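Below are two complexes that have chain A in common, paired first with chain B and then with chain C.
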Partner chain A sequence: MKNTIRQVFHSPKFVVGFCIFMAILLTMLVYPFINPGDPLKMIGLGTFAEPGTYVSMYDSVGAPFSTFKIPDADVKRLDKLLTQEDRAKMREWLELAQVDVSELDVGDMDSLLAMWKQHYDPEIRIPGMIKAVRNYYIRLNNSILSASVSDTLKVTDTDEATGETIEKTKISKTDYVNVDDVANVISLPLGTDNFGRDTLKQLVAACGVSISIGLIAGAVATALGLLLGLLAGYLGGWVDDFIMFFTNIFTVIPSFVLLILINYSINQDQRGAGTVALVIGLTSWVWTTRSVRSQVISLRNRDHVNLSRLSGHSLPRIILTDILPYIASYVMMAFILQVSSGILAEAQLSLLGLGPKTTEVPTLGLMMNWAMLYSAHLNGSWWAYFPVILVIALISFSLNLMNTGLDQVFNPTLRE
Partner chain B sequence: MQKTRKLLSMLLAIALLCSLFIVPASAETVELPRNETLYFAGIQWGSVNGWNPLSDDMNNGMAITQNAGGSRSIMFETLYMYNMLDGSLTPLLADGDYVWNDARTEITVKIKPAAKWSDGTAITAEDVAYTFATSVKIGNARGNSYKPFIETVEAVDDSTVLIKAKLNDEGAAVNPLQMITYLEEAYVFQKAWVEAVEARSGDDPAAVKRDLGEDVVWSGPYTKYYADDQKVVFVRDDAYWGQDASMWGTLPVPKYIVHTIYADNPAGETALKAGEVDVCQQFIANIQDLWLKDGLPISTYMDEAPWGICVNMPTAYYNLDKPVLQNAALRKAIALAVDYDAIIQNAMTGQSPSFADVPRSLMNPTAGEQATFDHEAVKDLQWAGDDAASAIAMLDAAGIVDTDGDGWRDIDGEKISLNACCPNGWTDWMAAMEIVAAAGEKIGIEITTEFPEWSVYQTVVTAATQDQYDIFMMWTDSAAPTQPWGRVRQLMSSEFVGVEGNWSGNWGHFSNARADEIIAAIPSETDEAALKALYTEAVQIYLTEVPSFSLMYRPNMFHAVNESVWTNFPDASDGRNIPPAICVDGYGIAALYELELVNP
Partner chain C sequence: MTMHDACAVDQHLTLAPKRIGDLENRPLCLSGKGVTKVFGTGAKQTVAVDHVDFAFHEGELVSIVGESGSGKTTLAKMLLGLISVTQGEICFQGKPRDISTSRKKREYWKGIQAIFQDPFSAFNVFNKIDTVLLDCIHMTGGRGLPHAKKVEMMEEACCFVNLKYAELTNKYPFELSGGQMQRLMIARVFLLKPRILVADEPTSMIDACSRATILDMLLQLRDEIGMTILFITHDIGLAYYISDSVYIMEHGKIVEQGTADEVILTPKAPYTKRLISDVPKIYEPWDLTTV
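Now for the complex of A and B:
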């Protein structure tokens, strides 16, 4: 046993797959301690907040500040307000409004802004200008007007009793707050999804659920396949005929179609993650049965089995001690592949809206389903679906690598 | 032998080559000049069944859609055009304003002398009268829904129509508002054509409705040109009567109107982004990103949230056939706990005013409807949502507590377990139901979502009774002359309880005697103060009993336009008073006459 394990861990493919899988498992176990809480909590109002760190504006106003005089701060501020493209567009508008712009240097922000404020009027209708462009200029103008002109910004509040305006504090352009001093900073490395839920937190939780769906499905399929294969192969005769009759029927029915039909017939409110896993397991045992059976048939007439039979050993004992150990490595590999395909099957089902009911636990497929329903793929919100695809790919890649690694160790024809 | 084989293979190759040329050639027949064509999306799903406007199932959205909020009049026309911006009726086939008699039991409408059918014959009062008579006779949707309100439509002479109301016991019109709605909702059909259909159907009502109407006579500015499972194309009728100075004085600008048939919303959205669609009637999540982030020449009626005029109130109904939901405290508690801001911001992506801006009632957010009830009198009953604390207190006070310690509340020792349903694929509704379910968890009531297919959903929801869906979504009426009365009736009237095939309202089967009295009293009430008192009381009943609760406000039509080819679409700030009705509904069609090319 020890030797086998050492052999297995000498296979580079297995080791790589194993490491990836363990890394995923480790993240799954550790991350909830770093970022605890309900992964399905809708924290954000609005859909698909971009990845990044969000600092509470409210809290940063009162926080202690330091003063820094950064030479290009003003330039940066203006660049954020008005991109080069915006400036070119402003010049374009002025030209269209028949303002003399021959003297104007777009690089000179002050004169551009001065000229803009002097001439721009949202009421002016420039012939041939479409509404979308007119709206763009109105928005641009509003952001220019709302941008602070003075060096300090006053924060005021209203006294509830008297209705008076009280000046709370002044913020200067050179005031900087250390992020550590702000009470509320949220870090969303993968932004939020369409419900305003933390995508990373959900992804980690979903990963766990999907892997357990895979494990349940794999265990069910392998156990069923193994049992039927052993019985059919060892007993032969009418038992073999009977089992193979059903196996052949299920082989010719595409299992995914069967999966869709069964899931469709189960009402959504009965469809928990466990049920879906069970259904996946119950539809994917056929190939395991066939291969286990054929291996058992070849084992059945080996000398040690015959000897065992002559010694009057019982059927379960023969199967457990004389046959099972010889196919254990194969069963293990089949199990790994079943887990991988179980995870994929859940993702495919959920994408069709036939996955587990959605309010209880996140799964990888459900995350993709909602991302697709809210057109994340069309509006550029890659963080809502791409990491999910990546994780699914990594999980099945690692499982498949482990499988090939094991194959190389156990399969004499592949052994180097 | 060798030669024959060679020859055969040559022939085969030639045949194959020829077939390559034949396929594009047949498609070329509908290749239309882009700068003469206005493309639509979001109205026609699946291919068109036919052109018979007397029928209700032609699946012909662009040509046949009669709607109290403004009928689609590119091919068939109504007497008046409704404008939801100010509630006005602009004469179309009618000449001048309609006139009530003193008792408000009869409406007289004149027909425009210039109005003509496509075959050149004049449109007469006889056509209007025969349209109504036939609709009632064959029992189509228009006939059935107006039969309780209109006694007869008569032709006094060629150009004068007299519409007589059904009278109640006091001798007054049952509902004068519905009669006005008829003027802007119902199309007028040519008597001669209707008679021809009846003749070839052997006067069998079902056969009349089954007729495909390929030979239909129309009066509007466009007519059918080409239709298959890919698209439906309309071409301008250059002989259209409306170019007469007494109507538009000109023809509509686009020569062709095309609706490509898309598989789903994302396909339509992609086409809009690519500039292949000019006018898009689809819910597009985060629509502002199309211009703010992507810089596309796309805009909506208003350049700020909610980007449209919200007149509809998608509502979650409680199934009152279920004994557990007959508990009003439970109904109100769930409604209190729901986070409506999350629904509006996440499910509707901000395309709705919030319930803090427009507190809930039976009325939509338009100023006209909001003025119909006393805001102070209902203030204490309204709620803005996301208030789990009050909901929990309410449940505790009502004795709905967790008796067996499983974390879920019980009624009569049984765990309350509800489902929240809406049709699969209706994205914003599905997300809203998820948020309702999340609210249940906060207050200890198990709610799970279920998204059946629309074909199943509609049969369950419109059944006389049902025990499958506990909380389920349906829409409400939008703006129309009968509102907000129509919506009060739709949300609370017990006349819809136990009706098989109920498409009209009160899908939760609520009944309240006082509400029914109010619904009966409002239409004939003319005193402003009394009317306001009635509406206020109706809102009070609704907010106390909570037979249903609105989840968001929503436009009747989404109206996103791409100005790659066409411009001068209606805009909230342009002062033209053209409603955002996708350029074809009600008075919204006025936009078609003012479109301009971006690059003429």
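Now for the complex of A and C:
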């Protein structure tokens, strides 16, 4: 036994898979302590905030500041203001206004701005230009002007009693706030999703729920498959016929179709994560039953079982000590595969909108479902679905790697 | 064969065959009428054992001889009650055998035990040797004995088969050699002391040297405990040497039966004659090391 475990941990494939899986588990356990709170809390009011660190503007106004004179600060400010696209559009306008742009380089901010300020006039009407485009240029011009107008911004407030405008503070271009001095800073490494929820926190929670769904489904399927397979294989006769009759029926109906039908017939409010896990488990025991049965049939006529019978051992004892240990490694591998396919089945079901109800816990499948419903894939919000896909892939990759590793240890013909 | 020198110690058996005489006066301990075993149904049907009659007396060493696939193991398993009998009746100690419930089976197995063909697959590789031997003590009602007494019984059994108990404790069966495993199997039988022992080719998987030792132990069990031994073999020369009576089996049928001298010195069935002609030195004093 100890030897087998040592051998298992000498298989590189198993070790790699095990490490990936443990890393995922560890993250799942540790992350909620670093970032506690309800993963389904909507913190953002908009949808799909980009990944990054968010600093409260309100709090930064009053925060203590230091003054820095950084040479290219202005250029950077404009750089952020004008995207590459904006600059190309500016050049386009100049061209249409019959300005000679042959020597203009869009990368050179100063000359572009100089030329823009010199020639742009919102009154000039360019033939063929539609109103929306004209308005776009007006807006662009306004923001360029406001960025370059004054060196200081005044922050004012209105006294509610008198209606007087009070000047709160002045912010100069050279004022810098230390992020540590701002009361409210939130870090969203994966941004927010369509409901304005922290995607990373949700992903970690979903990962835990999905793995538990996989474990429950795998445990149910393996236990059921093992029990039926052992009974059918060892007892034979009418018990075997009876069990195989049901197994064959379930084999003919694709289990995913069955899964869809069952889940469809359960009301959405009653479909908790546990229920879904149970249903997945109850529809995927067939292959375990079949293969356990065939292994037991080949084992039951072995001499060591005969010897055990001749020693007067009872049926449960023979099954537990003479049959189970011989198929334990196989059952272990079947379990790992069932866990992996349970996780995938949940993801598929949720994508179809037949997963667990959406109000309690996130799951990997639900996250995908939400991202798809709010067309994250169309508006470029990759953070809402790509990390989820990556995690699903990593989990099933690590589980399958562990399985292959085990297979190589237990099945000597596969060893290199 | 140069085995001769190496096995000089085990040469108790190079003498002439030793038979027990008064067969007819001994009571029957196992007999059968029309015993048949059919595997499968329909087109894939195999008749492994076909209407076989037999009668074994107490303390007798009976050989069942036949080539591979003739149904010897199948017959043995039916006698042991490990597989069901398709047709026919088996009587145990004069009464029709009843093994319908697991309790009755357990009772039956106190009276009949086996040694299997392949020692390497006969033991559960997850159980230690102690477990194997302790199970036998428990089966014969020794569950309540003090531990020291059990150890003493195991030591005695190991001593009988030339194994050292101290070297075996905490070992697994697969850590032994084939011959040692087969001797462990005999130690089991020694502890259980059944009335009948079915030995299914106990020596076919081990070398000639261990073979003589094992045969010697079987004969000792017969002589000292009075066990009836059913010795299954494909080797008619060996059967002639050790057995009191011989059954010849061909394609599931018994084609000839009688005392060893009758069957082998004056064979009637053509199949028996062929089997005998395949053994070159049958009429010379038998040297087991060349078997």
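One rule holds in what follows: the second predicted complex is superposed on the first by the 360 of 416 C-alpha atoms of A that agree within 3 Å, B and C clash if a C-alpha of one lies under 4 Å from a C-alpha of the other, contacts with A are read in each partner's own complex, and residues count from 1 in each chain.
Criterion: a contact is a pair of C-beta atoms (placed from the backbone, for glycine too) under 8 Å apart; a residue touches a chain by one contact, two chains touch by 3 or more.
Values in this document were obtained by computation on a predicted structure and should not be read as measured data.
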**Asked** With chain A superposed, do chain B and chain C clash or fit?
**Response** fit
**Request:** Once the structures are superposed on A, label A:Ile130 by its partner contacts, choosing first (chain B), second (chain C), both or neither.
**Result:** first
**Asked** Of the two partner chains, chain B (first) and chain C (second), which one does A:Thr321 touch, if any: first, second, both, or neither?
**Response** second
**Message:** Under the stated touch criterion, which partner chain does A:Asn379 make contact with: chain B (first), chain C (second), both, or neither?
**Reply:** first
**Message:** Output check: A:Ser329 vs chain B and chain C. Expected answer is one of first, second, both, neither. What do you get?
**Reply:** neither
**Asked** After superposition on the shared chain, which partner residues are touched by A:Leu40: those of chain B (first), chain C (second), both, or neither?
**Response** first
**Message:** Let me test your reading of the model: by the given contact rule, A:Asn267 touches which partner, first (chain B), second (chain C), both or neither?
**Reply:** first
**Touching partner for A:Lys357 - first (chain B), second (chain C), both, neither** = first
**Request:** Based on the superposed arrangement, let me know which partner A:His313 touches: chain B (first), chain C (second), both, or neither?
**Result:** second
**chain C versus chain B, contacts on chain A by residue** = B
**Request:** Determine, under the contact definition given at the top, whether A:Ser291 touches first (chain B), second (chain C), both, or neither.
**Result:** neither
**Complete:** With chain A overlaid, the minimum CA to CA distance between chain B and chain C in angstrom is 42
**Fill in**
Interface residues of chain A shared by chain B and chain C, listed none
**Request:** Would you mind writing out the residues of chain A in touch with chain C in their complex?
**Result:** 302-304, 306-315, 321-322, 325-326
**Prompt:** Hey, which residues of chain A end up touching chain B in the complex?
**Reply:** 40, 42, 44-48, 128, 130-133, 135-136, 138-139, 194-196, 267-269, 353, 357-360, 370, 373-375, 378-380
**Prompt:** For the complex, which residues does chain C have touching chain A?
**Reply:** 77, 80, 82, 102, 105-106, 109-110, 113-114, 116-118, 121-127, 132, 135-136, 139
**Request:** Mind listing the chain B positions that touch chain A in their complex?
**Result:** 265-266, 269-270, 273, 284-286, 289, 291-294, 296-299, 303, 339, 341-342, 345-346, 349-350, 419, 424-425, 427, 430-431, 434-435, 437-438, 441, 447-452, 561, 563, 567-569, 571, 598
